[in-house]
Every structure is written in C-alpha cells, then in structure tokens.
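First the structure, in the form of structure tokens, and then the observations on it.
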Amino acid sequence: MDSLLNSIFSEAFLSPIWVSLKIAIIAGIIVILIGTVAARFFARKQFRGKAVIETLLMLPMVLPPTVVGFFLIVIFGKNSWAGQAITWLFDRPIIFTWWAAVIAAIVVAFPLMYQSAKSGFLAMDRDIENAARVDGASEWKIFFFISIPLASKALISGSILSFARALGEFGATLMFAGNIPGETQTLPIAIYIAIDSGNMVMAWLWVIAIVTLSFLMLLAVRVKE
Amino acid sequence: MDSLLNSIFSEAFLSPIWVSLKIAIIAGIIVILIGTVAARFFARKQFRGKAVIETLLMLPMVLPPTVVGFFLIVIFGKNSWAGQAITWLFDRPIIFTWWAAVIAAIVVAFPLMYQSAKSGFLAMDRDIENAARVDGASEWKIFFFISIPLASKALISGSILSFARALGEFGATLMFAGNIPGETQTLPIAIYIAIDSGNMVMAWLWVIAIVTLSFLMLLAVRVKE
Amino acid sequence: MANLKLQQLTKVYNKNEIAVKDFNLDIKDKEFIVFVGPSGCGKSTILRMVAGLEDITHGELFIDNQKMNDVSSKDRDIAMVFQNYALYPHMTVYQNMAFGLKMRKQTKTEIERRVNEAAAILGLKPFLHRKPAALSGGQRQRVALGRAIVRDANVFLMDEPLSSLDAKLRVQMRSEIISLHSRLQTTTIYVTHDQTEAMTMATRLVVLNHGQIQQIGTPKEVYEQPVNVFVAGFIGSPAMNFFSGSLTASGLKIGDQYIPIPAGLLPQNSSQDIIIGVRPEDMYIESATPMFHTEIEAVELLGADTMINAGLGDQPFTARIPSSIAIEPGQTLPLSIHLNRMLFFDSQSKNRIF
Amino acid sequence: MANLKLQQLTKVYNKNEIAVKDFNLDIKDKEFIVFVGPSGCGKSTILRMVAGLEDITHGELFIDNQKMNDVSSKDRDIAMVFQNYALYPHMTVYQNMAFGLKMRKQTKTEIERRVNEAAAILGLKPFLHRKPAALSGGQRQRVALGRAIVRDANVFLMDEPLSSLDAKLRVQMRSEIISLHSRLQTTTIYVTHDQTEAMTMATRLVVLNHGQIQQIGTPKEVYEQPVNVFVAGFIGSPAMNFFSGSLTASGLKIGDQYIPIPAGLLPQNSSQDIIIGVRPEDMYIESATPMFHTEIEAVELLGADTMINAGLGDQPFTARIPSSIAIEPGQTLPLSIHLNRMLFFDSQSKNRIF
C-alpha cells in the first residue's frame, strides 16, 4: 500500500500527466480559436476549390496517425524549407521537442473542432444573423454576440472532443516528438512504454487517470446534446 | 527507376497493404452491421441507464489508442477469463494474432459508425415509419425498406469513416496484435517501422498508397453530404 | 366501411400529464367526423390511439365491434394521412401508393389496377414515376390521399392534412376530400385546428379543449347552439363578440347602454350577471330605430364584406356589413342586433343558458 | 419616416435565373405597401434587396432620395420583421428589443425608456425577462414587432410576419399591426402570399407574379378592377369564377346557355371569344326571372354564408348565398348574376377589356 502511494506521488507517475495536460491545453486553445474562425468562414462563403481545401483540412481525421507523423517529419525535417527556417531562428530543429508534440496534437485535433463548429454554424437560422445586421451590428459583433452564442453547444462539444483527441494522441507524437521523459513523454506514450516493459502497476495507474478524464469529458458532450 | 518498380511489386511492399485491407474490410463489415442495428435500437428506445451504456460504447473515440490496447490486453490476456476461454477453444491465445488486429480495429471504428447511424435515424421524420406501420409493414420490413434507405446518407458516411478508422488504426493494434510481417504488420505499423529504420523510399510509397485511399474516401463522404 | 366505438379513452404521459380524458364517441359507418380544437387539445393524440401509434392508457377502442387496444397498427385495417404527408421519399409516386398493397400481399395486376384507378381519380397519372421531392405541395398532398385510398381500408384517419398548404390550395383540396368521401363512403376521422375546415367538411364535429369533449353535433348545431363560451368563440370567423352585461325585467344593460328586449327572448331563472354573445353578421346598420350609435374605430375591407370595429358600452366588438356601404373610421353609425340570434351564457360556468 | 424609390430593380441568381425583373415603384412617406403574390413570385427577394440582405443585380434603390445600392444593411436605418421571427434565442425579451439600440450606442436610460414604451404598447411588460423559447407564437410575434418599433427606424419591412400563426391569432395580429401603423405612421413594406392580409392592411398593394408587377392599386381598385385574369383570380376568396364564352350582339353564350345583356354592359371592339369573370357574391337566387337554372353539386356551410358549387353551360362555379336559405345537394336553383359587376377578359392576352 505504501509503495502504491509512493508510486502515485512519484515524479515518474506525475510527469507524463503534466506533459500531456500542458500539450493538450495549449493545442486545444489554438485549435478552438482557429477552428471556430475557419468553420464560420467556410460555413458562410462559397468559392471555387472550397471542397478541396476542406478535404485537406479534414484529412488528418481519416489518415493513420503514423502518416500524419510522417508528413510532419517531412515538412519540419532538417532538409525541408520550414525545418531550416526553424533551425536558423531557434538554433535547433523542432523535431523531438515539446513544441513538436503541440504541433502533432493541433493537426490531429483540428478536424474534430472544425467539423463540429461548422455543423453548428450551418444549423443556425441565418435570418437571426440577418436580424442583427439590420439591427446595426457589424460583422464582428454579429460573430461574437450572435453566431458564437447560437452555435455554443456545437462549439463546446467540438472543444471537448478535440481536447480529448489532443490528450490521446499517440502515433504522430511518438514519431515527430519522440519519447523524452519530462518533455515529450505524454500519457499515451508512457502507457505504451510501461506495457512494453511489463510495468503493469504504472500502466494501470495512468490508464485510470486518463479513463476518468475521458469518461467525464464524453459525459459532458452527451449532456450538452 | 527499375529499383522503384521492383520495390512496388515486391512482397515487402504489398504485404502490409493486403494485411491492412483484409483487416479493415472484415472489421468494417462487422462494425457496419452491428453499428446500424445498435444505432437504430438506441435511437428508438428509451430506458434507464441508456446514457451510461452509450457512453461506454463511445468511449474508444476519446480514449488514447494505447489505452484501448491496454484494455484489450487485460480483457483477452492469458490470465483473464476471456483469454483462457479462447486459449482452451483455439489452442492458442488471441494476442499477437491476425484476429487481435481485427478486434482492435472493430473497437476503435465502432463509435464512428454508431454515432453517424444514430444521428441518421434520429434526423428522420418518425411519421414516415408510422406511415409504413399503418400500411401494414412489420417492424423488420420497416427497418429494411424505410429506415435504412432513409438514413442511407448517414449510414454510408459512417461506413466510410469507420472503414478509414479501421484502416488507420495504429496504437492499439501495435500493442494487442504486435508487428508480425505478413500477419499483423498493417500499413500504419509498416510506415512507423520504415521511418524508424530510415527506409524513406518504402515509407513514401506506403504513405502515397494510404493517402490516395483516404483522400478518395473523404471526398466520397463530402460529396454524400 | 366500419363503425367505431371510443369508450372512456384516456391518455396520460409521464405518469401525470393528462392529454386526453374519458373520451366517449360512437362513430357510425360512413360518417365524416371532424375533431377540432386549438393546438394541444389532444385531438391528434386520440387519432394516433385509434391508429395504434400511441398506446391507450385507459379505456377501450372498438372497430366494427372488435376490441382493438392490443391489435398492432398493421392489423387494424386503417389508412392514415399524416400532417406532413410522410411520403416515402425514396420511392416514386407509384411505389408510394403500391407499398401498402405489397405489404398486404396483393397480386401485381391487382396493385396496378388499384394504383392506376386512384391516380386517375386524383389526377396523378402524369406523375407516377416522379419522386415526392419533384412534386408541388398540392401534388404531395394528393399522393398522401392516394396512398390511403388504394388500400380500400375500413377507416380513414386524417391528421391536419391541409395545414401545410397555402390558403388557395386548402380550399381546393377541401372540396376534393369532400367529394372523395361522398364517392367512397369510408368512415373518416379528420383532425384540424381550423374551424372553417371543421364546419365545411364534417357530418358531425367534435369540439375539444384541454383533452375533453366540449360539444358534439352537426356544424349547424354547433354554430347556432354552442354549449359554452369556448365553443361559441372558437367556431365562426371572425369570432363571436361577447359582452358582459346584466339582465333587467325588460332588457339588457351593457356598460352604460340599455337595450330593450321582449321578455320571450330573454333567459329565465338566471342570475343577473350574464355574458351575451353576438355574431358579427347578426349586427346591421339601421337608420330608423337603431339600438345604439357607435363611433367606428377601424375598417377592414374583405372584398364582398367589410368588418368594422367599434364599441358597445365600452366593450369592443366586430360587425360585418356589405362592402357596398362606404364607411370611414371616425364615422358614427346607427346599429341594431338581430334579437332572436343573441346567445346568453352564465357568467360563472360559461355555459349557454338560452 | 421616409419615401422609397425602386427603379428597374432586378435580381438574377446563378447568372440566368431571373427572380425579379425591372421592378419600379415609388413609395410615399407613411404608406403601408403590401407586396402580394404566390410563393416564388419574387416578393421576398425585393424586400431583402431593400433591406440590403441581397445584392441588387441591376437597378437602383433610393431611400429618402439617397442611393442605397452600396450601403450596408446596418447603415440603412430600416427595421425588419422576419418570417420565422428570427428572435435572438439566447437573449431575454428585453435584450432582444434593446440589441438594436445598443448597437446604435444609445444611452442606457434612453434604451430603458424606449423598450418599456414598446413593451407597454405590445402588452409585453410581464414577459420582459423571459427567453423567446418560453413564449407562445403570438408573443414571439409581438417581440419581433417590438424589436422593430423601438428602433424608430425610417422604414419597416415585414416578411410574411403572420404566416406561422394560426387563423385566429392571424386575424388579431393583423388589426394590431394596422393600429400600430396608424399610430407610428412609419413607411412600411409588408410581404404576404395571403390575399386577405393584403386587402385588409394595404394602403396600396402590389400584385406580383413570376417576378413582375401585375397591378398596383388600392385594395378596392384591385378587387373591383383587376387588370388581368391572374389578379382577378388571386385576389378574393373564394376565388372569382371564370367562364369561357362568346359575345353576341345582345348578350353572351356560355356553353349552351344564352344570357341576354343590355348593350351598354358589354365590351366593344373585342374579339368574339371572351373570358367572363363573376365573383361568388355577385350571383343570387331569383325566383321571378332567373337567368338560368342549375343543379347544386355541393354545399359548404361557412357559418353566416353558404357556398354552393354548380355548373353554368357545363363550366363549374361557386356562388355565395346566405346560410338562412337551406339548400341540399341535388336541388335545382334559379340563379342570376349582377350584370354590372361582370368582368370581361381577352381570351388571348388574359387582360381585362371591360
């Protein structure tokens, strides 16, 4: 019993939790902001090539995570244009850093936020926005005071789903950010390593932590519906 | 160029593709059938504890794949009741077999099919089913001749999404089915191994294969909308 | 062709929301019964209990003297027209009409004969191979009717079938349904919130409010002898005018206005306070010996008729006069009421007393 | 308070679907103009161009002599009532009405004063802190009106504001809107497909069909002197009866029926084939010297009036008679037509010639 308590309050147990939360929260905030703005833009505008752009944005949802990881390595790798720019700016490559994990989480979580927000904006009665327009509201005021409150259910469930997806990301993170304890070793990676090395106690503890979190989030989505 | 062609038609290149397709197709068919029936059941019936059961069914959607893998190992492992039953029946444990990969794919793909099918059944005008009831159709005939055709868009997009998810499954499969070339080495796992071992040519070829497939499927979903 | 018996029919939702209470009605073969009432009065719930789409909480339902409470919809031999048509959107017009016959295992020739016959009656011949989405609202309504009539069912149930059509089409479909009924003579229950439909279509109408029967009768009976203030105000357009007044030995006092009335036309044995009901068409301009003078507040031209709004003893009313008489707001008019058409209601119970 | 000028207003969708074509109209200050026509006639599109919610493809729009084509909605100083109310569902009744004033940077006291004033006029005082979801249909309609009137805008636009209310409420809200207009005197454009609303509310009405103006005039002008068969048939309920017939020197032939008519009441210089229009209320029972006898096919009781369907020279018609005369289907009736109310249309152009 003492050893279990020791495990729970040990640096080894807590470290992946903090890493995961930090990454998921930062990625989540970025995804929620960009996803909401992009969804509203695509829900209201029609133009040529829209279907192709949207398909590209949604692609990470159907691609295997290892393929996402592969593209991230190719795009931000040492030989790419973006990779060299980053190396020149920050004096080190981004691959295998904490920021790489954030980027991986953003890419896989974005489609969930985007999809949910867009269906929220599409389901709205457009005449409510028109009423605000006639009432003298500018486009930004309409967005903040009308569109966002009206789509709030969809925005909240999208936020929860994309946060959960960011928290659970495994394949792309493992390839692009690696498995550096205290920096890029997230909960899902820690669980994988624990099982691989036969440390079932740690695995169970981490699984209980993440399942509790996920169940609560999923219940929140369902209640919102 | 010759070596590229040789790579393309090599057993090493094609084997993960066949393994992946076989697993995804079998898992996909099972998920589509069970998901449709379950979705229609839950869309039409109200009972106590429904929210909890549905949350359990949806859980694999927000859980990290490594946690799904962990639970599969625990449930079907050598020491569990189910694992011992399987060992007794088939004379070998299920873990690290082709069937383990199918089970992992089913578990992660099911929520997508279920969710899509359920929203399809809920969006329907219930009075169309009632009209068929008054017209003398039995409940099974209503299901086949009315409910399924009317929810067909949602069923098709759910099928495509869950097939794509089955095809792209990485974390749970790696943990539960392992990485056995020709049996459980799927495309996503093969890409991970290729990158890890620096075989960029094979990685590119597999990525192109899977991206083409995914892009087509995603486009199909969007066109269906 | 069937008679129906609804005995103490009651529907309770969620253990304590009473939607319909002790509904009793005998429907004779070939009748066209209209249930009419404001939304939420329970009229559709009763229809759906008859159709077997809602369980019956208490009470009994008989069709042709057979108890139907536990018989499933598909075995009740009823046909139904739904409010939003509820057509099968993935089937053609032909398939929509044929579906019920297929389910009842009719032969292919028989199905073809019956569908073509119904299509001919309803003018749907040119559209048999279209899907519902390619039809106008009126055509969809006809397909819904067609799907019901091909079945040759014992009972027709219609749930506000005209409510999604515009005013012109509604009038047209109204007469089509009436002539369909006079041709087929199928026992029909028709549900509507529109008193005009109820008046024009019913052989008998049932006025409902808050899940309870207010009055059952022919349109003429209900219009001329409403049992209470609710029925009097609900049936008729524009609505009946109500005045609160008091009885005297030889007339009525409404506000500061005294109206002399011969004793035979006044209620006996009633309390002094009373509600007087007067239909807009029962008031008229009379220059010689008007009952009262009033200043016109508003004038609505309706084509042949003009509605005027004014006050009697400070209580507002609407009167209908021919459009041939030119009237401007602000003008003072001499008016009278047809005394033998006045209705009197108890001010407490709201029931009609005379 | 403003006048409007719509010049050659045209709306084209997707390069070739013409929704509105060369629409010209001058609206004077304080007018209550009603656009009326069947669905898809372009009436709502014009309203949305005036509101700035749809781009104007060609033509010019002036409000108070200022060109508005490129002015955005929020700067046009108009108020609008939408078909499905389009209330802000997440705001209370008070906030709904205050929103437009806040956007225009009114002081808090001013907002409070104006909202309370509008709420008092519309009887919304008890509901100011409710959300729209907790209101009935009629109350929501009032909130939508309130949101428009607090703004004290130059122009009111109303897009079928009563179409989602039931028949009773529609009649009531109709008079409320009329009295609101007579109090506020704001220039108003009101769009509807309901000819009764158009007739009762308009100071002038514009009848539209297929994106083009059919007739502009007062309700009385349009009802009594429709310019063509479309307007004659669209305005009036039940609709005008049309007979195809031919002119002779001293009368009309409709089918095998000859009707003698004094020469002064017949069109001159017209081709022989002709369409004759007769409103249902312009036919009457006359035992002494009837124009024709006809067998009654159907009878619809509407309360004060009864509609009878019958045939004249094998062409069906509807006539309105008082309900006091009891009539059964199958009966033969002697009927006449008020000759000076007959209308004559060219059978080719469908325009009225007399």
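Going by the order they are written in, the chains are A, B, C and D; count residues from 1 in each one.
We adopt the following convention: contacts are C-beta pairs under 8 Å (C-beta built on N, C-alpha and C of every residue); 3 or more make two chains touch, one makes a residue touch a chain.
Everything quoted here is computed from the prediction, not taken from an experiment.
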Practice item. Could you please state the distance in Å, as a whole number, between where the Cα atoms of subunit B are centred and where those of subunit D are centred? Key: 58
Point to revise | Length of the line joining the C-alpha centres of subunit A and subunit B, rounded to whole Å | key: 22
Check your understanding: With chains as vertices joined when they touch, what's the shape: line, ring, star, complete or other?
Key -> ring
Check your understanding: So which chains end up touching which?
Key -> A-B, A-D, B-C, C-D
Exercise for review: Enumerate the contact residues on subunit C facing subunit D in the complex.
Suggested key: 38-39, 166-168, 171, 174-175, 178-179, 193-196, 199-200, 219-220, 223, 235-239, 279-281, 298, 300-304, 307, 309, 320
Point to revise | Residue numbers on subunit B that touch subunit A, as the complex places them | key: 51, 54-55, 58-59, 61-67, 69-71, 73, 161, 164-165, 167-171, 174-175, 187-189, 191-192, 195, 203, 207, 210-211, 214-215, 217-219, 222
Check your understanding: In the complex formed with subunit B, which residues of subunit C make contact?
Key -> 51-53, 72-76, 78-80, 82-84, 86-90, 99-100, 103-104, 147, 151
Review point. Considering the complex alone, what residue numbers of subunit A touch subunit D?
Key: 125, 127-128, 130-138, 141, 145-146, 149-150, 152
